[in-house]
Amino acid sequence: MVDLLIYLAAALTGLALLLALYRFVKGPSTADRVIAFDVLTIIGITAIALLALLEGRGIYLDVALVYALLSFLGVIVIARYLERGL
Amino acid sequence: MTKAVSLFAVFALLLLFWVLLNGSLATDVLLVGAIAALIIAVLFRRQLAVVTEFRGTPQAFLATARYLVYLLKELVKSNLRLAGIVLSPALPLNPGIVKTRTRLNSRMGRLLLANSITLTPGTLSVELDGEWLYIHWVTVESSDIDAATASIVAGFEQHLEVMYG
Amino acid sequence: MNSMSPLILGLSVLLCVTLIGAALVAIRATRLPIAILAAGLVSLIASILFLVLAAPDVAMTEAAIGSGLTTFLFFFVLARVRGAEKDGDELAGDELAGVKHDGVGK
Amino acid sequence: MESLLAPLGGVLLVAGATFLLLGGLGLVRMPDIFNRIQAGAKATTLGTLLSLAGIACLQPAWAAKLLLIGLFILFTNPLSSHVLARAAHRGGAEKSPLTAVDRLAEDQRGDQA
Amino acid sequence: MIKRAIALLLTLAVGALFASLLVGYVPDSELNHTARYYAERTAEDIGAANIVTAIIVTYRGLDTLGEVTVLFISAAIVGLVLAQGRVLNNAPNNAPRQTRAPVSELLSTGSRVLTPLILLLGVYVFVNGHLTPGGGFQGGAIVASGMLLLLLADPLKQFSHRLIAVLESLSGLLFVGIGVLGVLLAGGFLDNRLLPIGTLGELFSAGVIPVIYSLIGLKVGAEFSSMLASLSETNHTENSEET
Amino acid sequence: MISLAQMAMAAGFVLILIGFYGALTQRNLLRMIVAFSLANTGVHIVLVAVGHMRGRTAPILDAAVPVADALTRVIDPVPQALVLTAIVIGLGVTALMLAYALKLHARKHTLDIAKMTELKW
């Protein structure tokens, strides 16, 4: 039962990844792609956590922690670039 | 708060972060964490002064709990509302940027206010200029300053005001 | 959990497709910031792929260095050569679509 | 207790993934950058938080680290959304024709005049 | 156009080479000789839970020393190359720095809170290098990211290059010093048995590995920070074009 | 059935090819560096895929993988150590290339390699 739910969650996450990827490829502006990038990173965090669950290795979560930091810094660097503050 | 007390508060906060990170209370973990937290707290004591703007009164702690409950409630409620908008074929939008006023003076209080407003989908803080807060609103109900303030800002502000002033 | 291996295989198919798609965007994008962003995305997906391949050390390094610092360095440099892009490709000033930049913060 | 926690975790996981999907859908459907930030960044935040809570139910030993990841996301994500929205507005990003009012742009024009 | 066709042809040729490699590839099902040695002996000899860390810091410690040196040299060259440009461009007027867009108040407040947490995360990553998928290089990159956040929140901030350089060389010297101590007191250069090996899985275990990885973390963090700082202090060349 | 390692390896090879083609055809220096870093990532993926073995897990010993099981449950750690080093050096190389590109731009006010004619034969 729980296995089935995990399957379903993974499938939905994959679908969300594809949707965000569509926005990334389509654009049209750089800022749109940045927000798609941010969403992709956040989906990546979920994917890593799911992977840790599937493999039963809690240590993978450290990578998710680094990601949480990166999604923030990346967006800020690019936003500062866009508003000419870098 | 005196300098020593505020330094200690920062140190304790960093140590708490460290313990959560390690998920262990062994002596060696605590020892290394205490050293690292002390060095960082001393190096960044001026920067971190904003953290200790928190008023340590019992009312403030009570307000923190109420604030968290309110935030979670709003988070779920507004997410569901936004889900309704996204799923409906007609995409019923009425977006706009409205101007609101905040009474909060402390930096940390304003950061938390803007963050809470951004976290609840439907509203997004775009710019903070002195006491004026410009908010992008997916479904604008009123572009009047006072009305917008009452419906977006006031709910969070009443708790944050007790916490940070 | 061995019953989950088809799931992991499906995930990695998705990751590989995304990886190659992002790489093509990185090569073909008309504007440089987008190319750099897409290269960052390639690193990001690669790092999840490393995790699937049971290499968490590499995944963390790729996340922190490949996807993080490299992208930041690129944007630092890009901010310093802004306006010199008319050669070789068409980086117009309007990174934010629609309206032309008329000297915001210039 | 144990038997109750696992299904709860599974349900939370699916709910979280649903919000992720809704976020992705919003990202695709919304007409302009501000609305996309609204739909994309925020729905996915809740989605990730719910997923992490679900995993914490399935593996209670990891709760501390998952809580930390959740808190980090909860604090950083609105900040980055704000900075991006501000940059987009300053850069004069295109707004959807539906946009009713833009007090910020009005005030900025007022300052310059 | 001809150039493009040649490029395509070359790519296809390399692709054919890769394809033949891929078709002939049979994944191993057993660890090979070297890997088996590492998998079997690491826990006993080194005491590190993370075998990759054991390889990087102890079995192949000399490589890592060389790597850190290469990184130091490249950071130094980046600084040198960009410093020259600074002298050239600064001569007429150094006004461009003030023209940057102001930072949002929220970002500067947020970065005050987040920078210490990021630095602490970096420390966690490099101190726990022998237990978790972290280590000096990752931790160093995270520390440098924290510095980057400071730089973003306050673009006019000047890093103390002297402090970075002192930190960098001090940790490098200590690294080499521990290596030499290994020759004198234990089995060889960078031998980790200077300190007791301890129990597998505890923070104070694997001998001197956590100390070495912390030093590497500080050194790498300082190097990356200095790279970022020298890039951020370079003037925008666009402005010099207009004058 | 195709294994995980083979699939990842194929993706890595394709990435190298894309980067290679890009580096050959682009005229903008920064774009060439982007293509170069793509190929770099591709090489890392191929190397890690070589070390992967079906049904095994990461070479970190903890509660999930006790020491006694290490030999049968852990994948090859050597390629991982190599790639870790390669990524770090990759950043150093990229930073150097970027610094030189910046320098060239400051001198010549262009990033187009077709306009850098001094060394052309």
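For clarity, chains are labelled A, B, C, D, E and F in written order, and residue numbers in each chain start from 1.
Everything that follows uses one rule, which is that contacts are C-beta pairs under 8 Å (C-beta built on N, C-alpha and C of every residue); 3 or more make two chains touch, one makes a residue touch a chain.
What you see is a predicted model; the values in this text were computed from it and never measured.
Counting hops only between chains that touch, subunit B reaches subunit D in a minimum of 1.
For the pair subunit B and subunit F, chains touching both partners: E.
The minimum number of touch steps separating subunit B from subunit C is 2. The interface with the greater number of C-beta contacts, when E-F is set against A-F, is E-F. Between the Cα centres of subunit C and subunit E there is a gap of 20 Å. Note: centroid distance subunit D to subunit E, computed from Cα atoms, is 31 Å. Chain geometry summary: the mean Cα position of subunit A and that of subunit B are 23 Å apart. Along subunit B, residues 17, 21, 111, 114-115, 125, 127 each make contact with two or more other chains. Subunit D has residues 25, 33, 37, 45, 65, 68, 72, 75-77, 79, 81-83, 86, 88, 90-91, 93-94 in contact with two or more other chains. In subunit F, the residues that reach two or more other chains under the touch definition are 5, 10, 21, 52, 57-58, 60, 62, 80-81, 84, 87-88, 91, 95, 98, 102, 105, 109. For subunit A in complex with subunit D, the touching residues are 1-2, 4-6, 8-13, 15-20, 22-23, 29, 31-32, 34-36, 38-39, 42-43, 45-46, 49-50, 52-53, 58, 61-62, 64-65, 68-69, 71-72, 75-76, 78-80, 82-83.
Of all residues in subunit F, those touching subunit E in their complex are 3, 5-6, 9-10, 13, 16-17, 20-21, 24-25, 52-54, 58-62, 67, 70-71, 74, 76-78, 80-81, 84-85, 87-89, 91-93, 95-96, 98-100, 102-103, 105-106, 109. Of all residues in subunit E, those touching subunit D in their complex are 101, 104, 106-107, 110, 113-114, 117. Considering their complex, residues 59-60, 62-63, 65-66, 69-70, 72-73, 76-77, 80, 83-86 of subunit A touch subunit E. Of all residues in subunit C, those touching subunit F in their complex are 2, 8-9, 12-13, 15-16, 19-20, 23-24, 26-27, 32, 35-36, 39, 42-43, 46, 49-50, 52-58, 61-62, 65-66, 69-70, 73-74, 77-78, 80-81, 84-85, 87-89.
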